[in-house]
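Note that chain A is present in both complexes that follow, paired respectively with chain B and with chain C.
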Partner chain A sequence: MAVLQKNISSILLASPVILVLSAFIIVPIILITAVSFWGSTEFSIYPAFLFDNYEFLLTSDVTYRVFFRTLYFAVLVWAITLVLGFTVAYYLAFFVHSLTWQIICFLLCTIPFWTSNIIRMISWIPFLGRNGLANQSLIEMGIVDEPVEWLLYSEFSVCLAFVHLYTLFMVVPIFNTMMRIDKSLIEAARDAGASSTQILVNVIIPLCKPGIMIGSIFVVALVMGDFITVRFMSGSQIANMGRLISNDISLLQYPSACATAVVLLATVVIMISIMLRFVDIRKEL
Partner chain B sequence: MKANSKSKISRRSLLKSGVAATTAAAAGTLGAPMIWAQSNIVLRQSGTGVSAFNEIAAKAKEDLGITMEMTALDSDSVVQKVATQPKSFDIADIEYWMCKKVWPIGNLQAMDTSKIANYDKIVGIFKNGKLTPTSTIAQGTAPHTVSFVEGANGKSFSSEETGWMTMIPTIYNADTLGIRPDLINRPINTWAELLNPEFKGKASILDISSIGIMDMAMVCEAMGEIQYGDKGNMTKEEIDKTIGIFTEAKKAGQFRAFWKSFDESVNLMASGEVVIQSMWSPAITAVRSKGIPCVYQPLKEGYRSWGGGLGIAAHLSGKELDAAYEYINWYLSGWVGGFLMRQGYYSAAVETSKEYMSADEWSYWFEGKAAKGDIVNPQGVKMESAGAVRDGGSFYDRMGSVACWNAVMDENQYMVRKWNEFIAS
Partner chain C sequence: MGEKRSTGFYVLTAIFIAFLVFLYGPVITIGILSFQGPTGGLTFPMQGTSLHWFQELFRTQMVGDIWGSFQRSIILGLTVMVITVVFSVGAGMAYRKKFFGSTPLFYLIIASLVIPSILVSLGVGLIFSQLGWEVHWSTSGLGAQLTWTLPFGILIMFAVFNRFDKAYEEAGRDLGAGPIQVFRLIVLPIIAPSLIGVALFGFTLSYDEFARTLLTSGSRNTLPLEIFGMTTNVTTPVIYALGTLTTLFSLLIIVFFLTFFVLSQRRRDKKGSDAGKGLV
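Our next item is the complex of A and B:
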């Protein structure tokens, strides 16, 4: 009896979460999946069970090119933010010794996030432009004679904006795990004769794995799902999956947008579950 | 952190639209008095950015006592809104090609022209397609082909005046390429220049499929690459070939960027990122108002033209419907026309605008004559000095050399797919 009551109370306690999750995640995903099989005319969509949307999506070589472009950005941005984020967190955790300064430095990192991410992104455009500050300075310093064209509306500018927007998502969880590392472990390693590099590779990095993984999940999911950064920073010259979906939506092709979304979702879920294979986050936290 | 700021924004906008909805609902149920000034009639107008000005809403409030809530969206979003959210707007401020797309859905109601005071003054383009009795009708979705329906509940378009209009025409213009003469330094006289390798990395085209494809067609035809049967209604082969030529150019790095909204085109031009691009008239005036030279270049192949009008939502009835007619009559009565003509557009009942413009403004904007004094934009910022002449000349010169109208094709869905591939390639 007592066991049953305990069960009921734990189910009741969990029910708000279950309700919220099913209303805002599970039901929408089921709907999206269902609509992805519907048919569409120019203005309307009608219930059906068709594979047309998937067929068009999976037989067009444009889809594959866009898909690999999306993955390419995800991997590139992940690698850069990982190195940057780890370095920043490492500095904060091990080189800044007073807690007050750690907090101050950490807050400094978050200041740019007080404005909207679209504003943060768009402010790069006048800076990187053909007649922008970056090019003017380069020309004045005599490094180049002609304005550098690839600074804006290129893969470079897209990556730059992504790195700028998402590095903090890497810094925070890594910093968090680094702060939990028992300092005596590092002292022990040093006493045992380990060099700084050995301590980093054999002690700190393994202990930071959960933080690295959480940061990676953030960055990969955000970059895979983005469309506005790619649109603005590439001047619409580069497409990713998100832009395919937004183009479809703007043209009222909801079923085809849903099909693309389902494929994207499946890919992200697969990628994240592979990542979770490497670290058991629940155990490590 | 990101999720947080996002949810804040959506919550705020939700609140805002909630408030707007309640005020609208309140106006609907409580707006009893007969005089508009004493009622709280609120009409929600959704349209493209070209004519959604707060000045117009303020003047409507002053003259009619009607509160106008203007929403400006890009072309695709307006079509989407009119097609899928019939209750979300009262007046649709859309273009004629959009009308062709959304009319069959039935979210707009036909308008009785006998209630339109200035109906007789509306130019021929919107009635029989002819600017002057001798002019020929251009390719594409010419406004008069989708202007009339048979009777109040007509579903199919009528080729002649029936007394029932799908939309009351308001503004129109002839579009061409915008250029930066100071950065090009030589005459430009054909659409083909858009793909001239000389402007590699400095050209742009708009990313709105139904308009962009027409600009593309003008370019391909000018290059002599394709001879179209009808640019406004291409075959699949013509679409493939057109998009193919532009995809190649894109891969070769011809384009700096594509633009979707009006201000993007202004920024691209003003910052010098782009020196030649498809552009709209107010964007040219906006660039010039910054003191940057920019020409709306007349080209020998002619203009790509468009027309817009106001349509009434099907759900309007009673007082709101009367107010909507009142608003549309006011729109054609001159003040708005004058305001929009200073922007570089033409008013549908063009002669009514004359008394709301100075003689100098009228001769500059309409007659294409040299300005005698300073020309200011609608907000009063000086745009041109004495002696300036409007690009392209007079009303009849410009509207008389229209090569095609913005259009919706029979193969529209195919075209959209191809366009998507072009953007993604």
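Our next item is the complex of A and C:
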């Protein structure tokens, strides 16, 4: 009886979260899956059980190109944020010795996370634009004669914005695991004659794997599911899966949007499930 | 490492500083450009300096309903903040014991974090339209935003309770405190500073949320939606002025929460209380 009571108190305490997530995650996903089989006319959608939306989606070249473009961005941004994020975390954890400075530097890295992504994207315009700071300096330095066109509204600017927005999702979890590394392990390695590089490769990186995984989960999920960064930073010239969905939505083609959403969701869930196998998130917090 | 400041130290310091410039440079640039003269454009050079574009913001008919959307974002942010704190503490307390369904719920929380935002927006929008309800920022918008803030709040609470020393509660119980007294007099004071962190996440993530609010806020925009709308039809530095103001507002909020956090810890130290020391 006491066991049952303990269970009930926990379930009661968690019930508000259960309710919110059921209503705003589970039910929407069920509905999206259902609607992906519905039919649509130009003005309305109607319940049905059709495979038309999937057929159209999966037989179109565009889908595959966009799908692989989305994956490409995810892998590229993941690699860059991992290297950059790891380097920054490594510096903060092992090269900044005073705790106060560590806190200050860590805060400096995290503060942008609490400000608006839209503004942070907009803020690249005066920098990368045709007459922007980057082009002005390049011309002044005599590196180029004419403004470089691919700086803004290009694959480059999309990746740059992703790295700008999401590197801190790598820095924070990796820093967190680094701070938990027992310093005596590093001393032991040094006493045994390991160089700094050897310590990094054989001690620190293996012990940082959980943090790297958590950061990777965030970055991959955010880039795969993005539509606004790609739309804004490519000047609507590059498509990814999220943009396919948002385009269908703006044309009120909800069944088609839902079919794309199901494919995207399945991809993200598979990728994240694989990554979750390598880390016990609850233990690492 | 670094005792005698190796070359590595200087290289890494340079990288770190470059990273900070990369993080803050663009925002500082639009901060400067928002003081463009009245004839200035979206890029350098500055055509004089003025407050022209800030004044422009206050002429409502010029640039849409900025102040209305700002108000809505604040109200929504505060609501999300309070709900996130309360619900996350509840879930955090629940997870201190294994309970029936705790593992599936944990995966649901993670799912809520990794699901593409546009799917939440689309799904919630569909539910409301199928039920014949009108989407509104305070109902569908609120729910959609909670799916983003709650996982952060709950993960923070997991981190807090992972480090929680149960001895304090046991002492309280031994002295005859009931569950509510234990929570109010022992657990709450110990976790209070972390709740400031949860509140900061709750407010700022809501205040800046775009994708999850896109299809769920109805006809009245929140501030990020309003700003995004401006990017397609406003080609003057007025958008930088707005960006600068809202970023300053965000910074103000962050400083407020951090100060609050530091002060609450100082106050505790001064009073010689051992609250907060229950975290191991």
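To be clear about the criterion, the second predicted complex is superposed on the first by the 255 of 285 C-alpha atoms of A that agree within 3 Å, B and C clash if a C-alpha of one lies under 4 Å from a C-alpha of the other, contacts with A are read in each partner's own complex, and residues count from 1 in each chain.
Note that in this section a residue touches a chain if its C-beta (ideal position, glycine included) is under 8 Å from a C-beta of that chain, and two chains touch if they have at least 3 such contacts.
The structure displayed is predicted, hence computed values, not measured ones.
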Counting only touches as set out at the top, which of chain B and chain C does A:P126 meet: first, second, both, neither?
-> both
Name the contact category of A:V62: first (chain B only), second (chain C only), both, or neither.
-> first
For A:S195, is the partner it touches chain B (first), chain C (second), both, or none of the two (neither)?
-> neither
Identify the partner contact of A:I186: answer first if only chain B is touched, second if only chain C is, both if each is, neither if none is.
-> second
Scan A:S116 for contacts with chain B and chain C and give back first, second, both or neither.
-> both
See if chain A has more residues touched by chain B or by chain C, and give me that chain.
-> C
Please indicate which partner A:S246 is in contact with in the superposed arrangement: first for chain B, second for chain C, both, or neither.
-> second
After lining up the shared chain so the two structures overlap, which partner does A:N7 touch, if you call chain B first and chain C second: first, second, both or neither?
-> second
Doubly contacted chain A residues - partners chain C and chain B = 116-117, 125-126, 129, 131-132
As the complex stands, chain B meets chain A at residues 1-2, 5, 9, 74, 76-77, 79-80, 83-84, 101-102, 104-105, 201, 204, 207, 209, 250, 255-260, 267-268, 271-273, 412-413, 416-417, 420-421, 423-425
Touching residues on chain A, where the partner in the complex is chain C = 6-7, 9-18, 20-21, 23-29, 31-32, 35, 84, 87-88, 90-92, 94-95, 97, 105, 107-109, 111-112, 114-120, 122-127, 129, 131-133, 136, 164, 167, 186, 196, 199, 217-218, 221, 224-228, 232, 242, 245-246, 249, 254, 257-258, 261, 264-265, 268-269, 272, 276, 281-283, 285
Parts of chain C lying in touch with chain A, wherever the complex brings them together = 1-2, 6, 8-9, 12-13, 15-16, 19-20, 22-27, 29-30, 33, 42-44, 86-88, 90-91, 93-95, 97, 99-102, 105-106, 108-120, 122-124, 126-127, 130, 143-144, 146-147, 150, 154-155, 158-159, 162, 200-201, 204-205, 207-208, 210-211, 215, 224, 227-228, 231, 239-240, 243, 246-247, 250-251, 253-254, 258
Please name which positions on chain A make contact with chain B in the complex.
-> 42-44, 56, 60, 62, 65-66, 110, 113, 116-117, 125-126, 129-132, 149, 152-153, 168-169, 222, 234-237, 239, 243-244, 247-248, 250-253
